[in-house]
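Two complexes, one shared chain (chain A), two partners (chain B, chain C).
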Partner chain A sequence: MMGRLMQAEFIKIKRKGFWFLAFLGALGVVAMQMVNYGVRKDYLFTQSEDRWGYYLMNIHSFTPLAIVLGIVILTSFLSSVENETNAWKQIIALPVSKRMVYLAKFTVLAIVLFISSFLMGIFTLLYGLYLGLGEAIPSADLMQYSFYPYFASLAVLAFQLWVATVSQNQAIPITIGVVGVIFAYSASVLPDWMIWKWPSLMNEWNDPMINVWWGLGAGALLYLAGMLDFTRRDVK
Partner chain B sequence: MLALMQTEWFKLRKSKISFIILAGPFIAFLGGLTVDFTEADAPGVEWYLILLATNLAYALLFLPLISGVLASTICRYEHQEGGWKQLLALPVTRGKVFLSKYLLLMAIVLVIQLLYLAALYSVGLIKGVTEPFPLTIIWKSVLGGWVATLPLVALQLWLSILFKSYAAPLTVNVVFTLPAVLAINSERFGPYYPWAQPFSMMYISGDPNDLFFVPWEQLLTVVGGSFVIFYLMGWVYFQRKAI
Partner chain C sequence: MEYIVETKNATKNFGKEKAVVGLDLQIPKGEIYGFLGPNGSGKTTTIRMLLGLMKPTFGSVRIFGKDIKKEKIEILKRVGSLVENPSYYPHLTAYENLETSRKILGVPKKRIHEVLAIVRLSDAANKKVKGFSLGMKQRLGIAAALLHQPDLLILDEPTNGLDPSGIIEIRELIKRLPKETGMTILLSSHLLAEIDQMATTVGILRKGELIFQDSIETMRMYAKQTISLNVSSSEKAWRSLLAKGIKAEFEKGTILLSERSNEKVAQAVSSLVQDGFSVYRVQEEKKSLEDIFLQMTKEEQAV
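Moving on to the complex of A and B:
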């Protein structure tokens, strides 16, 4: 059942620019640095001995913003398919469980975001090579900056999907999402417990891995809460 | 015209608009509370520190993004179940519908800006700032930010009429707003980038005798110019839109 439900979700996102968005988000983060380095490469090269490290840090300054915004846009897109056309009735009328419907949506979003993160890693590597930042490519750091923010942001994904699916009016999840983006942007002054801080990989102990575990753990809890809430609601 | 704006307001009132409006002061309030005065090396700068702490995220990202959300919300009723048909079957011209939606949006952005001002003031009261409130400077910042959203709101209204969903206009908004984070660091591009203008106009700088914090030429050409282009494009699109 799960496979076919996911197939249905993938068909719904066809030709809605979903894959384009995943590509655009990944490219956008690197494109910012293309502009940045394109305009003032010489200046940026004098900023640090470790050119790769400095470049990855620059890339990472936009990653949390892009991920949180991407989550807000994609969750709203995916749930508006049903919300706007009153199609919940039709899906739930099928012999499928509501839990599976919710799981299928979450999984599809998680896959799209993962591919986006993967693409971002590739673009980051390619532009870094083009810039000629040095012989030694810090592959461990590259992997960390590409995939850790993704796992750390799963809590935000679970939360936004919850709000987006239960809101008739998409203004609510979007406004919450915009506030979340501001939180993500102000990550350095946020307390560690706020989920929007986690994609920045900052924490008290300076260990990015902690954010990954938090993202997975809180993501699972928020996912469960969202799924239970969704299954208990009336379908209008 | 007045009646049209009234109907727009009635529709909006039931669209959870207060939730959207209160998000702005909420952000400013939280941002202001993070200010640490112990770093202040000169007396009398407390108000400016509060303003600087809240301004960056608020003017750079929040204001452009939320103006798009407002624009989508004002078109929400029409996109549902043939609302455009019902509205345009009334003896109104499309130009007037467009204008009344636009004016109402700008009025709401102004309310958000005023609440932002109130949020700054209450942060100061909570933190026990004893300096006099620098009213003229903060007024300039608040009104300047409002003027800078004129073109952005026009573009978002156009996109919101064009697209049914919230996500599509938001995507366009994000694509243009995020580069502003880089643009404000650049003396060459910053002044010409419309999405960087809310920040430039809310940031305290420049000649204190000018009406706003950016030169008049920049205000007229960049903000005024992009406003005319976006408004006209939206207006023309709406005239020709098949309902």
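Moving on to the complex of A and C:
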């Protein structure tokens, strides 16, 4: 059933620019560094002995922002597909459980974001190679900067999906999302418990893995809370 | 009798507002059940409860003899529905719209072409629904409801937005389905004329309460003729008739005779004349179903 529901979800996001956004987000993050390095490559090369490490750090300065923004846009998008003509009532009147419907939405978003993160990793690698940052490619770091922010941001995804699906008015999730993007941008001054800080991989112990676990743990809890709330509500 | 849909004391409150009160709906198998009521009388809320979209505040809903609370998915496998305005994805084609439901229902692809043919949308199958007229969207909604050949079809105001020929087509389709497939149909409308032409059983809702539920023939019986008398000092005249044991009702300055035989009318008239009342007019009035419906659903006058 889950597979069929997800196929239905993938049909619904056709021609809506969903995949294009996923691609653009990934490219955008690397494009920022294309400009940066394009303009002052020689200067940036003098900044650190470890050119790959410095490059990855630069890339990572925009990743949390792009991910949180992407989450806000895609979640709102996916629920607006249903809200537009109140198609919720049509799906829920089909022989599927509401829990499955919610899970399908979450999974589709998680997949699209994962693909976006994967693309970002590829683009990062390709531009890094083009820049000639050195023979030794730090593949572990590359993986970390590509996928840790993704897992760390699953809490934000679960939260935004919850708000977006239960709001009749999509201005509410968008507003909350914009505040979230600002939070993600000011991650360095936020306390560790705030979910919008996690994609930055910063914490007081300097261990990015902690954020990954937090993202997965809090993500699971927020997902459950959102799903239960969605199941409980009457469909208008 | 076997009831496909049976609710017991189904009640739905929105905060303090009572949308549906103590509903005991009974829909026998193979019937076309016309669910009538003015706007805002609770028809759509009831339908939402039947489909498990809303949980009743209290009371029970049983469909195919199963409790919707416990076996919702089993029930919905056999129910097709179109609730209120049709829902669709405007950026997808008619075919793709049906495909999203088909995936979930797990019926063969050829059903899509079949239902599109049934509602005469085959030519528009690959056009985006964005450009459809309201009537076409409505047909698409009906097509979606028919995809899995349901045993119970629930249609909320199905002829909304259709042009006259479209209305006739859908009406014929609705009449045909129970005969051909044994389907039971619940049809809601605020238009009596529409229900009159399709339904075999009628339920009338007023302010969330079911005030009538019986066959359409029983309802037609109410459409009997009456004799109305226009007389001078009518209230007094009415009392004099009652005093003589002639059954009559008094309404808005006219006397209505319940018995219509020639002798009874003559007797009433001569009695009035003897008592010195002037008889201006004796008229035969036929109550239409429309009148009965209006009378039934009329709000009580504030005292």
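Heads up, the rule we're going with is that the second predicted complex is superposed on the first by the 236 of 236 C-alpha atoms of A that agree within 3 Å, B and C clash if a C-alpha of one lies under 4 Å from a C-alpha of the other, contacts with A are read in each partner's own complex, and residues count from 1 in each chain.
Here, a residue touches a chain if its C-beta (ideal position, glycine included) is under 8 Å from a C-beta of that chain, and two chains touch if they have at least 3 such contacts.
Keep in mind the model is a prediction, meaning the values are calculated, not measured.
Chemist: Could you look at A:Pro95 and tell me whether it touches chain B, chain C, both or neither (first, second, both, neither)?
Modeler: second
Chemist: After lining up the shared chain so the two structures overlap, which partner does A:Glu84 touch, if you call chain B first and chain C second: first, second, both or neither?
Modeler: It touches chain B and chain C both.
Chemist: Going by the contact rule set out at the top, does A:Val35 touch chain B (first), chain C (second), both, or neither?
Modeler: first
Chemist: Quick one: classify A:Ala136 as touching chain B (first), chain C (second), both or neither.
Modeler: neither
Chemist: Would you tell me the residues on chain A in contact with chain B in one complex that are also in contact with chain C in the other?
Modeler: In chain A, positions 84 sit in both the chain B and chain C interfaces.
Chemist: Using the touch definition up top, name the residues of chain A that touch chain B in the complex.
Modeler: Contact set of chain A toward chain B: 17, 21, 24, 28, 32, 35-36, 39, 62, 65-66, 69, 72-74, 76-77, 80, 84, 169-172, 174-175, 178-179, 181-182, 185-186, 189.
Chemist: Give the list of chain C residues in touch with chain A in this complex.
Modeler: It comes out as residues 48, 51-55, 72-74, 76-77, 79, 81, 83-92, 96, 99-101, 103-106, 144.
Chemist: Quick one: which bits of chain A touch chain C in the complex? Just the residue numbers, please.
Modeler: Counting only chain A, the residues touching chain C are 1, 4-5, 7-8, 11-12, 14-16, 81, 84-97, 234-235.
Chemist: Please output the residues of chain B touching chain A within their complex, sorted ascending.
Modeler: My answer: residues 15-16, 19-20, 23, 26-27, 31, 34, 57-58, 61-62, 65-66, 69, 72-73, 76, 79-80, 164-168, 170-171, 174-175, 178-179, 181-182, 186, 188.
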